[in-house]
Each structure stands twice: as structure tokens, then as C-alpha cells.
């Protein structure tokens, strides 16, 4: 069966005009009378397509154009050039029929009424999205069960913990059973347990309803747990679209090895084994190439007084940061001034 | 349409419920509004104390104007201020995005989302003043009823002007303060239009049409100038409302092409 | 004291630059004080009737214009700032600075005044161009006294409101009391009409309250009119000291409570 992608964009681009302000008192006064502008290409020629039911991670450093892209996909801003289709609609027309099929969740931005139980906010959403009463009840039961929130529906939102509030936000955002979920940092600021809970819920939701999800996150664990496929942009340009494994392979040829020693070991000695990231008296962190990992670990255990040793993937931010600093991708064009 | 009414009922009942979390607030509103009412009557009395009749108005007639002024203030406090000053907040916090992604008219959402109990005591005080003045002037029920239309038209004008100004915060976050200026200018509604010099009368009829909200309903109640002013008010209200909608669409087009 | 002045000056400079950012806002803040101009219209018209004793239309115009200037120069909002800082916990940071947080709010007020001045000057010039008959002149000594009176009005208002602000340690809505205070500020200060037109009974009592000194007194001084200067300054000083004492007491008790709650 031939299916249309749920999300599709071609040569998607967005250029902003921003005011330039320099520090200093005189400059401030000058800015007061005369504002200067320059153009910034936030997103340049981005192309990708996402099929029904896919769970895609959307990565890039701060200011890479993630949020701008998300806003174009949800129809909050017009593209400067290129085309974008979501659930067979042009997003920026913001037709009600389109809006009923999508949802946007922004971590740390809330839409629930602070002083009232979440149930009140949910009722408003139900009325706005025309969810009939019986469906509303069923949906609330279902979601609150999945999110483990039954007992909190009737408590004022301000009395909920951050994690509970985020789960409540998710519930409000999913009440109308959208086909496409845009999640912008849904786990931002949550503690480890809450993050895990949100993650588990998202996975379950994606599988149960075959919903399509595009998610940005700063947490590697979010991405590794949920996304088989990742899209990476840097300075507005798409630099990777494919499996997470390939990305890690390509971007993080190293793994982090953290070692605790019986007694102090000097950085010079460690340098003989691998690149040293940090040394702190009796512990150290090394960056070891993946293909040399086993061999290096053997050597370390043989030759040094190792007490404890852990191998981790560097956090996604670090991987990406390294990549961009090292320029292992053909360096994209820097913003153009005009 | 049905859905919009349901949504509005939910909006207002939830905001009142939220405000009831701070019950003392309502008591305070009642006290402050009462003080304001007494002070306003006092200020009006000062103008009449030496036997001067501003613009030929008698004290009781001017009290009608003050009554309508109080009702207008109630509307401004209960609905306009709490909603439209928040547009700027939504723009700054980025929560406007949530609203734009709702399958419902965004102007409707922004204009009706909140309702403040702060306005309610003034409704009562305004009605009391109107009753008192009406009795003193021997007005009957049908004369009261006739004042409803011009009052509603006046409130539509006020809403449209306020919303249009609030919408400018899409461009200039600072400009939402224009609504403070508007609110300051509305103070002119305390006194009958003809108590002002001619140039003021022109300004408060055509530029900031506060005359339509307080003086015109009073005139209609007293059976003066009724048809011309109500017709004018209707034209004004229609034009202002349509303009506010066009302007909002225009503002959104800018927001959706320029925001980051 | 030797270190305080440079600190204060530095803070004022920073807040001045900050204030300039809001070019549109500044003009609008001034415009949102238009009430005196509205009342001016009503009372000038009333003055034409000749029923208000010796007060003519021009007298009313001058009175309300001076009220506009005084209002602009003595605006205070510290209770909102302070409340915000207590609620958000910003105050905790400020308490770590080697300077009483009160100075920072004061610096912000003074800086805002500086940014407001040029715009106010434009207003004054425009008003006198439109209505040259209303121009009045003052001698040097009268200017100095007017400056002192307006400065004193600001000081009194500021300290009274700062004392109110201390209630933020106990309630999230300290500004509520400012809303109550606004009533006499509006109706008993000479804002809605010159105090001379008030009933005799009120005129006997009001000079001993702080209210006429918020508008009527500085306005009369600014117009170069005959007023009881010693009484005025004495009463203002008295109320300022009362407010200051209350502020110090509440500040100490409040801080104890604030730190006890570990906010």
C-alpha cells in the first residue's frame, strides 16, 4: 500500500530580520534613535519526510533552527521558501481541521490554569476541540491511567510537582487524540524518575495509537530510549537524517571511560592509553575510540591499579558539540550579513 | 456558535473559580470600588457646589452619566483589562503559540479567556447610582430599557479599541501600555460630554469615543438626541469591531512571518 | 556614606540606560497620567461661568497643568517591585549584596525620572505653545522652594509606599493596601479639584493629613502661590518620619520571618 508521509518538507527555509544592539551607553542612545538590522538564515533548504507512526528525534545545538523548524511544521510561522505539508495540510493556513490533528508540547511552558484542578483545563480543551462528553470521559480515564494521574486530576495545578505537571500538560495536549505530536524538550528540568515516566508514556502512546512523533531533547536518554531515527540540523542546515546508531558511530567515535584508581595516576601516564579528558587525583575520564575499546580496557586493567571502571556514551550535547567543534562535517555556511 | 458559548461559559466559570482561591481579593475589590464611588460622587458634587450647571446638566442628570461610567469601568475591569493586557504576556512568554494552535478563533480566545470578579462590585454600584438618579428624575422602566442598546454599542466600541491597541504588542512589546493611556482617557466619561470645551467634545466623540459609552446612554434615557446618537453609535461600533478583526488578522500575519 | 554615593550613581546610570530601551513606553507612561488634562477641560469650562470665586479658566488650566507635572515627578511603584522580588525570591540574592536593597529601588525610580525629564520638557513647551496665556514665571527662590516641595512629596510618597511594601513579607498581595491608599490620593489630595473648593470642614482637617501634600501643596508652590510653607514642610516631615519608623520595624520583623522560612 502506498502511503503519503505524515510530515513532509522540501527546501524549507526561513530568514529573519533581527535588530542589532551593541553594549555601551552611547551605543544604547544611538540604538534608541536608529535601529540597525541584519538577516539571519535560521533554516536553510531542509528536506525530510516522516511516515505515520514514526518516532523521530530532532537534534541540534541551541540556535540551530530546531524551534524555527517546529514552528513552521505546526504553522506558527510562514516559511520564507520551500514547501511543507503536515497531515495533508499546509500548516500556516492553520485550518481548524488541521489543528485538531496535531499538538505541540513545549517543556516548561504551560497552558494549564495554575490555581485550578487540571480537570477544569481539560474540560475547556474538550469544548475547544469538540470532544463529546462520553469520549472525553473515556479519554481522560485512558490517559490518566497511562500517566498514573487519576488521583491528581482534582488537585490545583500549583500543588503538583514539576513532573506531575508535565504529565498533566501532556494529557491536556493529547486529549483530542492528535495524529501528530510535536514535542519540544518535553522532559526539560524534570528529575530522573519523572523523565523516565514521561519517556515510558511517550513510547506506550506512540505504539498504542500509532501516533507520529517529532521530538527535540537535550537528554541523550530520551533519544536513545525512544527514537530509532534522528534528524540533526546545525546552523539551519540538515546534516544527518537516519538511524541513531549511524549518527553515534559517525559523530562519537569515542566512548567515555571513567576510572577510579587505588592511588594517584598522572595524566602523562594515562595519555599513553587514550585521549585524556580529565584527571582528578584518583579518578580520570578517558576518551577511547570505539574500535579500540576492548583492547584499551584490557591494557588499562593490566597495567594500572584500577578500582572501578565505567564506560558511557558521552551526552548527546557533547557528541554534537564535539562534532561541530571538530568540523567533521563539511562546515555549513555561517549566517550572512547584509 | 453553540461551541463558542460553551467555551465562554467554561472560561468565565473557571476564572471566577480561580479567583475565589483568593477570596479576600473580592472583599477588597468591593471596598475599593465603594470608596471610588463615594469619591466620584464627591468630585462631581464639587463641580455643582456653587450652583454651576456644567453644559446645562443638572446634578441628577450628571449622576446618570456617572452611573454609566461606573458600568463601563466594571466592564473594563472584569473583561477587558484582564484579557487584553495579557496579550503582551502571551507574546513575551511564547504561550501565544498554544492559542494559535487551538481550533478556535484566537481573537475570541484572547478576549474572553479571563473574567475578573474585580468588576462585579462596580456593576452593583453603577446600578444603584442609576436607580437613584432615575428616581430623582422620574424615569420609567422603558426609559431604562432604551438605554441598554446605546450602552452595549458603547461597550463594543470600547472593546474594539482596546483589543486593537492590545494587538499592537505583536510588534512592540512596550506598546501595550497604550491601553493604560486609553484607560486614562476613559476617565473623561465621568462628566457629561457638554461639560467640556468644544475641542474636548470633538476629541471624546470622534477620537476616543467615550461619549458613546456614558453621555449618549444618559441622553437616550432622558429622551434627548436619541436617534442621531444611537445611529452614530451603531455605525461606530460596527466599524470599530470589523476593524479590530482585520487588524488582528494583519498582526498575526506579521507574527507568523517574523517571530523567532 | 563615601561608598554609597558612587554605588548609587552607578546604579542610576545602569537603570538610565535600561530605561532608554523603552522609548515608546516612556511616552506612554507620561500619557497615562492624562487625568489632570481631562479635569482641566471640565474646570476651565467651569471657570468661564465665573461662579468659582476668583478662580478663572486660566487659573484652573495652570493648576491642573502643574498637577500633571507634579504627578509625573512623584510617581512611585516600589511596592510592586518589592512584592515581585519577594514572591520570586529575587530578594534573597539582593540581601547578599553589600548594600541595602532599598537603594536599588530608589536608584531605579530616580533613573526613570531622568529618562522622563526630556519628554516632560517637550510636554511643557507644547502646552505653553498651544496656550501661551497660561505661562507663569517664578523667581529663583520660588523655583528652589518648588524643587524642595516636589522632592519632599516624592520622599514622603516613596517612604510611605516602601513601608506598605514591607507587608509583602506576610502576604502575596501587599499592593492591595496601595490600592486603598490610592483613594485619598485621588480624592483628598486636590487631584480632582483645587482644595480651595472643598467644603470648609474638610479644609480644616486635611492640612494635618499627608494627602494635600501629594498634589495640592507642591502644585501651589510650583505656581508661586501663597501657602503656609512652614506648616507644609513640617507636616510632610512628620508623616515621613512616621512612615520611616513603621518601615524600619516591619523590615526587621519581616527579614526575620523571611530568613526563618528559608526563602
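Order as written gives the chain letters A, B and C; numbering starts at 1 within each chain.
Note that in this section contacts are C-beta pairs under 8 Å (C-beta built on N, C-alpha and C of every residue); 3 or more make two chains touch, one makes a residue touch a chain.
Just so you know, these numbers come straight off a predicted model, no measurement behind them.
K.L.:
Taking the mean of each chain's Cα atoms, which chain ends up nearest the overall Cα mean?
P.N.:
B
K.L.:
Would you mind checking which chain's C-alpha centre is most distant from the centre of chain C?
P.N.:
Farthest from chain C by mean C-alpha position: A.
K.L.:
Return the distance between the CA-based centres of chain B and chain C, expressed in whole Å.
P.N.:
Taking the mean C-alpha position of each chain, the two centres sit 28 Å apart.
K.L.:
List the centre-to-centre spacing of chain A and chain C in whole Å, with centres computed as mean CA coordinates.
P.N.:
From the centre of chain A to the centre of chain C is 50 Å.
K.L.:
Taking each chain's centre as the mean position of its Cα atoms, how many Å separate chain A from chain B?
P.N.:
So the centroids are 45 Å from each other.
K.L.:
In chain C, what residues contact two or more other chains?
P.N.:
Residues 23.
K.L.:
Under the definition above, what is the set of chain A residues touching chain B in their complex?
P.N.:
Against chain B, the touching part of chain A is residues 16-18, 42, 67-68, 71, 74-78, 92, 94, 96-97, 99-100, 102-104, 106, 109-111, 113-116, 120-121, 123-124, 127-130, 156.
K.L.:
What does chain B use to touch chain C in their complex?
P.N.:
Checking each residue of chain B against chain C gives 22, 24-25, 28, 31-32, 35-36, 39, 42-43, 46-47, 49-52, 54-55, 172, 174-175, 177-178, 180-181, 183-185, 187-188, 191, 195-197, 200.
K.L.:
Touching chain B in the complex: which residues of chain C?
P.N.:
Touching chain B: residues 22-25, 28-29, 31-35, 38, 41-46, 49, 51-53, 173, 176, 179-180, 182-183, 186-187, 192-193, 197-199 of chain C.
K.L.:
Quick one: which bits of chain B touch chain A in the complex? Just the residue numbers, please.
P.N.:
3, 6-7, 10-11, 14, 17-18, 21, 93-95, 97-98, 100-104, 256-260
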